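The letters A, B, C, D, E, F, G and H name the chains in turn, as written, and every chain counts its residues from 1.
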C-alpha cells in the first residue's frame, strides 16, 4: 500500500496549489501561472480532480470572524446502542464544527465553536450531556489552531 | 458578546451556501439562483466576505482518495520551552492534517493521515515522539469523520 | 481585549491597598496616608469602586479560628440535568466555602471547611455523594492555603 | 474537636452578618440595627473579632470588573525540593488569585484570572510550566464561581 | 499538636520493646532485663498501657503459614448509601485481613489473603463486586509486605 | 493448594481466639476456659504455634493513643534500581507503619501515622518524594480503619 | 516452587525444538536429526509430552493471510454477575482470537482480528459493548506482534 | 478489502479443523475422515496452506505444565529511540511468551509466564523496568486464559 497513487500528477498538484491561493482563480490565470498547460487542460484537470473525489472546492467559514472566538474539543463516551444517533444529532447542531468516531476510550469526539467559555459549558452540560446515551464528556479548550485539514496540501510523496 | 454579528446577512449566507455546492460557481449563476441580486452584487459580496476574513474559498484535498485511508488523533505533552517549536515542526510535516494547542492535560493535539496502522505507529514513535521536548503521546485511531469544519455552514443565529 | 481597564487609576489602587490593611480605615486617615487627595475624594472614590462592582468591602471569616482546621477540595461529576441544582444546594450548606463550575472532566468543584478528616469523609460520602444527580466525587485534603482571592491586589497592569 | 467554639456568640455573628452588607457600616448603624447593643460594645466586639483572628475586613477586588473575565484552575505536580519555591513564586504573580498545597496526586493548585483563553494557555505553558521544578500541569477553565470564601458566613453551629 | 505525649515514658517504651520479642515474657524476666525496675512496676505499667489503650497484646496470625500465600489490595468505589454496609460486610469475611475508609477517589480499601491468584479473582468478582452498592473495584497483587503495623515500635519522639 | 492446612486444629484455633482477648492470659486460665485440655498441652500448643511461624504474640501499639491521629496511604512509583533501597529506608522511618511492594502501576505502598494533615504533606513531599529514585507519590487520607491484620482470626476453613 | 520441573529433559526439549521447525516432521527424521535416540523413543516421547499436557501440536492460522490485517486489544469492564457469560460469548465469536480474565481495573481482555479499522470500531461498539453486563471498553490497535505463545520455546531453566 | 479470501476453501478448512485435533494426524487418516478427498490431495493441500503462510503446524508448549503457573500482562511505555531494541530484547527472554507493539498510551505490551507472583514482581522491576529506554510499566495478573490464537479456527466468513 505504499506505492504512489495514480490519481494525481505534478500538474494536478500545481493546479491544487494555485487554487489554494484563490479557489476561484480562472482557468486562464491558472494556465498562465503554470506556463505550458492550456486553459482547456486546466479546466479538464479540475473537473477530473473534483469528479474523482480528490478535491472539493469550498468556502470555508471562519468561526472567529462571526464572533465564535472560543473553540473546544469534547470527547464523549456513549452507550453503544446510541452512538450513531448521538453522532448524527451532534453533526446537525450549528455550533458543532467537527464530529468523528474514535477507537480507544472515547466513542465520539467533536469540536465546537462558541462565543464564550460559559457558552461552551452550557452547551456541553445542557445539550451534549443530555443526549440519550451520552455517559460522560471531557472538554478541552483550544486556544489556537495552527493547521487544519482544509489547508492540507497534496503530499509530495502522493504525486505521481 | 451574544449579540448578532454585523458581518453577514441573509444574502451573504445564501451566497456561501451556493458556493458550498460548487466553490467555482460563476457569479452569474449565483445571481440567477438567488433571483433578486445582481451578478455585480454577488461579485462584490464574495470579495467582501473574503477580504473581511469571513470565508476562504479553497480546494480541500481528500486524504483517502490518495491512499491515506487511516486517520489518527495524537495528543502530545511537551516541555513548555519546546511547545511552539514542536507545534510548528508538526505543522510542516505532510501527513499532519491538523495541529492545535490545547488547555487541559495535553499541550498540543494533531491529526494525521496515513496509509496503514503501521505507518501511524512508525510516525508517532519514530517522528512525533522523537521531536525535542515531546514527553508523551497518546494516539487514537479515527475510523470515520462525520462532519468537518470545511463543511460548517454559517450558523443561522450569526446571520444579521 | 488586552488594553488597560478604564475603571481604576493609581489613586484608586492606593485606596484599595490601604483598605487591605484595614477595611474600616477612615477616609480621613486614607486621605492623610495618600497625602494629596482630600477626604471627600476618598469617600467618593470608595463609593464609585463599590458601586462600579470593582470591590466589595467584607468581613472574611477565618474557618480555622472557629475550629474548622481541615480544608478539602471536592471535584464532582454530576448528571447534566442536576448540575444547577447540585451546585446551588452545595452553595447553601454552611461548611462549603467555595462552589464553582468547571470545564474538563468534572462539572462542579467545591471547597469545604471541617473539624476533622472524619468529618470531611462523612460530609463527602454522606451529603455530597447522596445529592440526586451526583455520580462521582474526588477529594483532596488542602494542608495550607498560601494566597486567596480576598487578598488579591489590583494588578499593576490593570491600573490606568 | 466537635464542641462549639468559645470565640463567637450570637451578637458577634449578627455584627459579622451586618458587615457583610457593608464592611464600612458605622458602629452606630450596627448598634441601631441590632437594637440592644451599644455602639461601644459593637466597636469592642469588632476589634476583638479582628484581633482574635476570626475575621479580616478587606476590599475584595472583582477580577471580571477589570477585564479578567476568564478564570482557570491549574493543578501542578512539582519536584519535592521545589514545592515551597514554586508555590511562593506563583503567589507573587499578579494574575494568580489563589495558591494552595494539596494532598493527593498534585502538589500545588492555583487559580488564575486572565483576559482570554490564549492568555491562560500562554501563562500556564510560558510561566507556570517553566518554573524550575514544575513537572506537569493540568488546567480547567472555570466558567462561573457561585460561592467564595469571602462570602462565607459564620456557620450557625460555630456560634456559642 | 506537636508536643510530646504524656502517656508513655522510657521505661514503658523499654517494656513494649521487650514484649515485641515475646508478648508473653514474664514480668520477672522483663524486670531483670531492664535492671532497675521492679517486677511489680512492670506488671503495673503493662496494665496501664493496655487499659490506656496504648497497646494491645495479641496473637498475630501469619496467613502464609496457613496456605494463604497470595496477598492483594482491593480499592472499592461504593454508592454512598451503602458504604457503611459494604465495609462492615467485608470486615466480617474471613479472607479479608484489612478494611479501611479512604478520602480520595476510592471509598473503601481492603486487603485480602488467598491461596491462589484465581481465588483472588473469584473473590473480587464473585463476592466484593457483587455486594449491593459496589460500583467498581481495582485490585493489586502484593508480592511482599516488608513492615506492618503490628511490628510498629513506639516512635522515639513520642516518648516522654 | 486448596486442601486444608495440617498446621492448625480446633484446639489451636480456640487457644488463638482466647489469646486474642488477652495475649498474656495464663496457660492455666486458657486450659480452664477450654475445659478438656491440660495446662501443659496449652503451653506446648502455644510453643508449637509460635515456633511453626503460625502466630506471633506481640504488643500492637495504637498510634492514635500517642497523638498520631491522622493515617494516610502513600502509593509510590520508584526507579527500578532503587525499589529495594526506597522500601527499606521507608521501613526504617518511625512514622511509617506499613511498607509493601505492589504489582500494578505503583511499585511500593506505605501507610503512615501523623499528628496533622500538614505533617502528612510535609512527610510525603519533604521525605518520601526526596528519596533517591522516587518518581511520583499519590496520597490518600484514611479517616478510619475498621479491621486490621492483627485482629485477623484463624479462618474456619483453615482449621483441620 | 523454584525447583526444576521433572517433566521435561534435554531430549524432550530437542524434540520440541525440531517440531517447531515442522510439526509434522516424521519420528524417523527427528531421530536422525538428534542422532543417538531411536525413532521408537521419539514416538514415545512425543506421545508422553502430549498426554502429559506439556505440548499440543496444532495448526496455527495466520489471520493476516486471510485478510484480517488489523489486530486490536480490547480491555473490558463487566458487571460481576456477567463476567463468565461475557467471556464465554466472546470466546465463541470468530474474529476473537484471545480471551482472558484480568486482575486489576479491567475484568476481561480480548484480542481481535479484523479487516479494517472500521470493522474494529463496529465490532467493539456494535457487538462487544452491547453484550449484557459490559460497562466500558478500551481499545488499542496492535500494529505488529513480535512473539506469540505458540512460538514460545521450552525455557532452558525448565529442562531437567 | 471485505471480499472473501481466495486462499482457503471448505476442504482446506476441514483439513485445518482435523489437524486441530491432532497436528500429526496422517494424511491417510485425514482423507478417510473427510471422505471424498484423496490422501494425495490432503498432502498437497497441507503443503499449500503452509507454503502460502496460512497455517504453521507447531508444538505449543503449556507453561503451567512446566510450573509457570502465573501469567501476567505488562504494558510498557518506552523512550521512542529504544522501542525496537526493548521489544526485541524482551522477545529474546525465555519467560516472555508474547511481545507486541501498541497504538494508544503504551508502546509495547508483553505477556510473561512465571512460577510465583514474586517472580513476576522481580522480573518486571528487576529486568523489564531496567532495560534502557523503559519509562513506566503497568502489570496485570491474568488468572485464566479462555481462548488463545493457537486455537483460533479459520473463520467461516473467510472460507471461499
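The rule is short, and it goes like this: a residue touches a chain if its C-beta (ideal position, glycine included) is under 8 Å from a C-beta of that chain, and two chains touch if they have at least 3 such contacts.
This is a predicted model, so every value here is computed, not measured.
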Contact-graph distance - origin chain B, target chain G: 1
G-H, A-D or C-E - pair sharing over half of the B-G contact pairs: A-D
Cα superposition of chain G on its sequence copy chain H - rotation in ° rounded to nearest 5: 180
Same vs different contact residues, chain C with chain E, by half of numbers used: different
Approximate Å spacing (C-alpha centroids) for the pair chain B, chain C: 40
Distance from the mean Cα position of chain G to that of chain A, given in whole angstrom: 43
Residues of chain E whose C-beta touches two or more other chains: 101, 103-104, 116-117, 120-121, 140-141, 143-144
Chains that touch, pairwise: A-B, A-C, A-D, A-G, B-D, B-G, B-H, C-D, C-E, C-F, D-F, E-F, E-G, E-H, F-H, G-H
Residues of chain A defined as touching chain B within the complex: 1-2, 5, 7-8, 16, 19-20, 22-24, 46, 49, 52-63, 65-68, 71, 73, 87-88, 91, 94-104, 106, 109, 111, 113, 115-116, 119, 140-158
Residue numbers on chain C that touch chain F, as the complex places them: 70, 116-118, 120-122, 141, 143-144
Chain G-touching residues of chain E, taken from the complex the two chains share: 72, 117, 120-121, 124-126, 129-130, 136, 138-141
For the chain E and chain C complex, residues of the former touching the latter: 77, 80-81, 83, 101, 103-105, 107
